[in-house]
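Heads up, the next two complexes both have subunit A, just with different partners, subunit B and then subunit C.
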Partner chain A sequence: MSTPLLSVKDMRITFHVNGGRDQLHAVDGVSFDLASGESLGIIGESGSGKSTIARAVLSLLRITRGEITMEGKTIVTPQSPGKPGNYGVQIIFQDPHAALNPRSKIIRSLVEPLEIQGKGNASSRRDMALEMLAKVGINRALADRYPHELSGGQKQRINIARALLLRPKILVADEATAALDVSIQADILNLYKDLQDEFGLSFIVITHDLAVASYVSDRIAVMYLGRFVELGPSATLATKSAHPYTRALMSAEPEALPRRLQKQDRLVLRGEIPSPVTPPSGCRFRTRCPIATDLCAAEAPPWREMSPGHYSACHFAEEVMAGKPLDGSDKPQNLESVK
Partner chain B sequence: MKPVSYRDPSLTDNAAQPLLSVSDLSVYFRAGRKSSNRVVDNVTFDVARGETVGLVGESGSGKTVTGLSLLGLLPEGIAWTEGQIGFDGKDIGKMSESEMRRLRGRHISMIFQEPMTALDPVFTIGEQLTETLRTHFPMSKREARERAITALEDVGIPLPHKRVEEYPHHLSGGMRQRAMIAIALACEPDLLIADEPTTALDVTIQAQIIDLIMKIVSDRNTALIFISHNLGVVSQVCDRMITMYAGQVVEDSVTDEVLEQPLHPYSSGLLASVPRKSVSSSRLPSIPGRVPSPDAMPPGCRFEPRCTFAQAGCEAAQVLHRRADGRVVRCHRHDQLTLKGALT
Partner chain C sequence: MSVLTNEPPAVKKDRVPTKFGWLIRQPKAVLSVTFLTVLIVIAILAPWIMPYDPIAPNFGALLQPPMPGHWLGTDDLGRDVVSRLMAGAGPSLLSAFASVGLAVVLGVPFGLLAGFMGGWTDTIISRVLDAMLSFPTILFAVGIAGILGPSMTTGLVALGVLFAPQFARLVRARTLVVRRELFVDASRAFGASNLRIIMRHILPNAIQSAIVHAGLLLAIALLAESSLSFLGFGVQPPGTSWGAMLARAYAYMEVNPFLMFPPGIAILLTALSFNGLGETLRVLLDPQSPKA
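And now, the complex of A and B:
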């Protein structure tokens, strides 16, 4: 097997909270690889740690354990944090307006990263910027406008252009379409695909929207309380998920369908994501899991490969994959003891 | 504890008459010293008792402004309305501020997208609930407090007797949204306006809140206007769906009918641009261009510059067609076009 473009190994990121008294592992032992040209979606609820992964991959915060390598070369360890922007990873954020300086013209925002990296001269930088604007579908006449004169969709395209100007190998999109209207979102998602074709770009798409993740990603990782609970090809997760949390997420997302075609057996999870400061023992999802047993409280489920490239961390992964009902109809009687 | 009878004897309860009847509602916002923009243009629709109606459209389509105007909550001096808003036979537009105050929270309530900004951070959840109750009903403080605990229990907040003493920042996002729903529904209003109530929530919490809203409105026969850009949520919650574009109603039909066979190209375009789990790899159809700004509305059909079906006749202003099948659409080509729906 060839060396992956990006490899994250057993990464842990710890924050000190409550005045330094408590440790919060926002990401707790996450590993994944990203191949060149591949698109990986990371989904999960707020507080699951998905944006923390994004920031770590960008070296915007320090990791406390593990390492990140690019093309086999170690670039980030707890002892030597990487230099942001220096190794071919760029990011686009959720709020396209907040990411642009309101007092700078668009062209200024675009050439600044090139200046910092010492690329070309003033006129070649401007040319590069204008060319990139055209590639993301923005009329170059807008280059001399200010951000407030543009729509949200246009601003997000400009953020993408700016990220691409440094010729990254990986673009991280952190909820980059969450603030946009659906038709604008459709444009941006299409643009991702074009850019993937044109630049061979790899994507890490962080989103809470499953449909967005399935649409743009080759593989999807599902996160819960700082850990991956499932990872696999998008199509496999949609049809043969091997984790109850993934099933619940899929089930919770309403699809725009006539009533007669809507799922009748929608699985609504009880409760909310627990505090990451004191995660539940054993399987972290067990407090909300409709099929949890004593085993789930006693032992953390191992990360197992269910089929080639499809991993799950659930003691009952086989049964879930085989379509075990999750409404608790065949729930074992000892559930009370795990709560 | 059993709920007291909240039924207001002054209400007519006339089944034939719609609870809410909005006709030719226009909302103007001042723009500069002498000019104004019409951001909502001749909006007309009825809501029957117990009916659930979705108001959908992109940002800037006028859905939130329409919702706020029903409660007289538009900023005074900056915005004004024309047209009639009939609520239970009375014209809301002609009511004084004190009459409006008796209506708000009692007969019409609203919940918002961001519970943290809608709740007052310096008062406990209990104080905010009892204030609403005691404004509208003669109740002792103790009675109101008990009622508040019941209200929190009704929306599925665990340990309600503890939560009444807590401040909004003590609660999680989902719990805050439940608390806001409890306040809005404390007086059992006849109409609830919900403006993107689940947009800021995670899907799992969204599912809980949707179930809660649906259960409460159906148990109490509350009419619901559900403002959302999320067609998936609307298709679950709403019997009827009104699509707005650039301040106008462009389609008003039974939700399932729009999903199966939309009549307006904009409704169809919105449906097509939603990414679906089941479909991948193909390109997502999007609607070219963007919503026109209120000071530069196209003179004819407002959607014409973005419409793939535009032809001669579309440059004329479009009227609402009331079809024989009961559906309402603002497109003169409605009986010529066969548009793509959610299944095609």
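And now, the complex of A and C:
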């Protein structure tokens, strides 16, 4: 395989909490590659570390271990944090309104990345910005408005246009549709696809919405408590997932069907995501896993390739993949006994 | 390319609100601005339009009540009160503007720095501010004026230095909030420097309360200058300011109580106008407050 566009190797991101006394590994040993033109979805619950990955890839925060390379060149290490904005990665944030300075007119926010990177002069910057507005489907008359005068969907398109002005190779969408109406979400997701065709962009789509992830992503990584638990092609994850957590996420997806027509085997996870300051021993998911055994508490499951390009971190990945029921019915142990 | 276009709705062109249009419909703003403009014009033109010499005594007409020729009467040395009000307007306004201006120039950068950098920088700056804020302003100004020798310049420098922590505090508090805003992260993601983030994103979003406070402080500075002059630490005789006039009037309260009203009312109206001006400026500079 040729050199990936972006490669994250064994990345760890540590925060100091409780006045510096405790360490929190928000991301703990995550590795992934992103090919040119590919879309990678990262899904997981709140607090699993998805957005932290996004910020690290942008060099908005320092990593404590590992490295990030872009086209084979090392750009971020713990010793030399990357310079944001100059290696072809840009980000779209969750809240389209908060991402725009309320006291700047749209045009002023739009030309800012060009100003910072010293591209063009005042009038050519304006032209570039207006052209990009047209590409994301925004009337140029809105350029002289203030953010509070526009709708959420319009603002998110403006944020996308602004991020694209620096011609990034990778666009990170950090829950970029979560704050929008469903109909606008669809527009924005379709816009991603159009932009991907036009600019040859690669996407990292961070979301907790499975439908969003599977719609736009070629591959999906499932994250739990700072680690990837499964990574594979979207279709494989939907039909032959090899991790109980992925199965639980899939079955938690609401179905627009009457109850009698819904699939019976809905797996509801109990409890909260544990504190990342003191993660469970062995497999981090074991405290909520319906099929956890003593082995899971003793040993962290290795990251194994189940089929080409499909990885899972579960001791029972084969059985889960083969469709083992996850209600604990074939096993005397249940959630309580593992604790 | 096929982008779904669901916007924008046509821009309504029948009503174009302008800032000036909004301004002239605010009675408080119109009154404040008009009053201050007239006052500044008078202060500048005072040497030419004063009916009498404000420092030449006239012992034939001491402590006169208002009458034709002397519309606001004369003071204890027979000097025309109208002329002295005009002559005192300049020093009074100047010291108010200069001390508040100095306070803004000193206070805002420290507030931005403390709020933006956090950590030790913030701790040190904040403790110094606490220490300064715990001094009684006027008393400290009197102390400084006493050490450096009484003059208008030392008085207003002392006031400026003592007002600065208030601005630093206000701006620091807002900076702490604004620096965590998403648009700051967005700017950083484009590679913006700290200086750019502070000037472009933090300052415009953190300065509002400082603007309103400047309006309030101008009024307070005017009164503080009066107090300093009243205590003899401001404008020195035979020069004059409203505060100095008030001080002299006080001495003759029982002989001619009317003498206190002209400078007192001038101070009051000017202070009110400064307040109105600060509030108006804040609304004017906020794109989100309705101006229609």
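Assume the second predicted complex is superposed on the first by the 330 of 339 C-alpha atoms of A that agree within 3 Å, B and C clash if a C-alpha of one lies under 4 Å from a C-alpha of the other, contacts with A are read in each partner's own complex, and residues count from 1 in each chain.
Assume contacts are C-beta pairs under 8 Å (C-beta built on N, C-alpha and C of every residue); 3 or more make two chains touch, one makes a residue touch a chain.
Please read all numbers here as calculations on a predicted model, not as lab measurements.
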Partner chain(s) touched by A:Ala256 [first = subunit B, second = subunit C, both, neither]: first
First (subunit B), second (subunit C), both or neither touched by A:Phe15: neither
Contacts of A:Gly153 with subunit B and subunit C, given as first, second, both or neither: both
First, second, both or neither for A:Trp303, with subunit B first and subunit C second: neither
Which of subunit B and subunit C A:Asn190 touches, first, second, both or neither: both
Partner chain in contact with A:Phe199 - subunit B first, subunit C second, else both or neither: neither
Touching both subunit C and subunit B, counted on subunit A across the two superposed complexes: 151, 153, 184, 187, 190
Partner subunit B, residues of subunit A touching it in the complex: 45-46, 151-153, 181-187, 189-190, 193, 208-212, 214-215, 234-235, 238, 248-262, 266, 268-269, 272-273
Complex interface listing, subunit C residues touching subunit A: 1-8, 11, 181-183, 185-193, 196, 200-201, 204-205, 286-288
Residues of subunit A defined as touching subunit C within the complex: 55, 58, 60, 83-86, 90-91, 93, 95, 98-104, 109, 112-113, 116-117, 135-139, 141-142, 146, 148, 150-151, 153-154, 159, 162, 166, 184, 187, 190-191, 194, 197-198
Contact set on subunit B toward subunit A in their complex: 58-59, 172-175, 202-208, 210-211, 229-236, 255-256, 259-260, 269-271, 273-280, 283-287, 290, 342-343
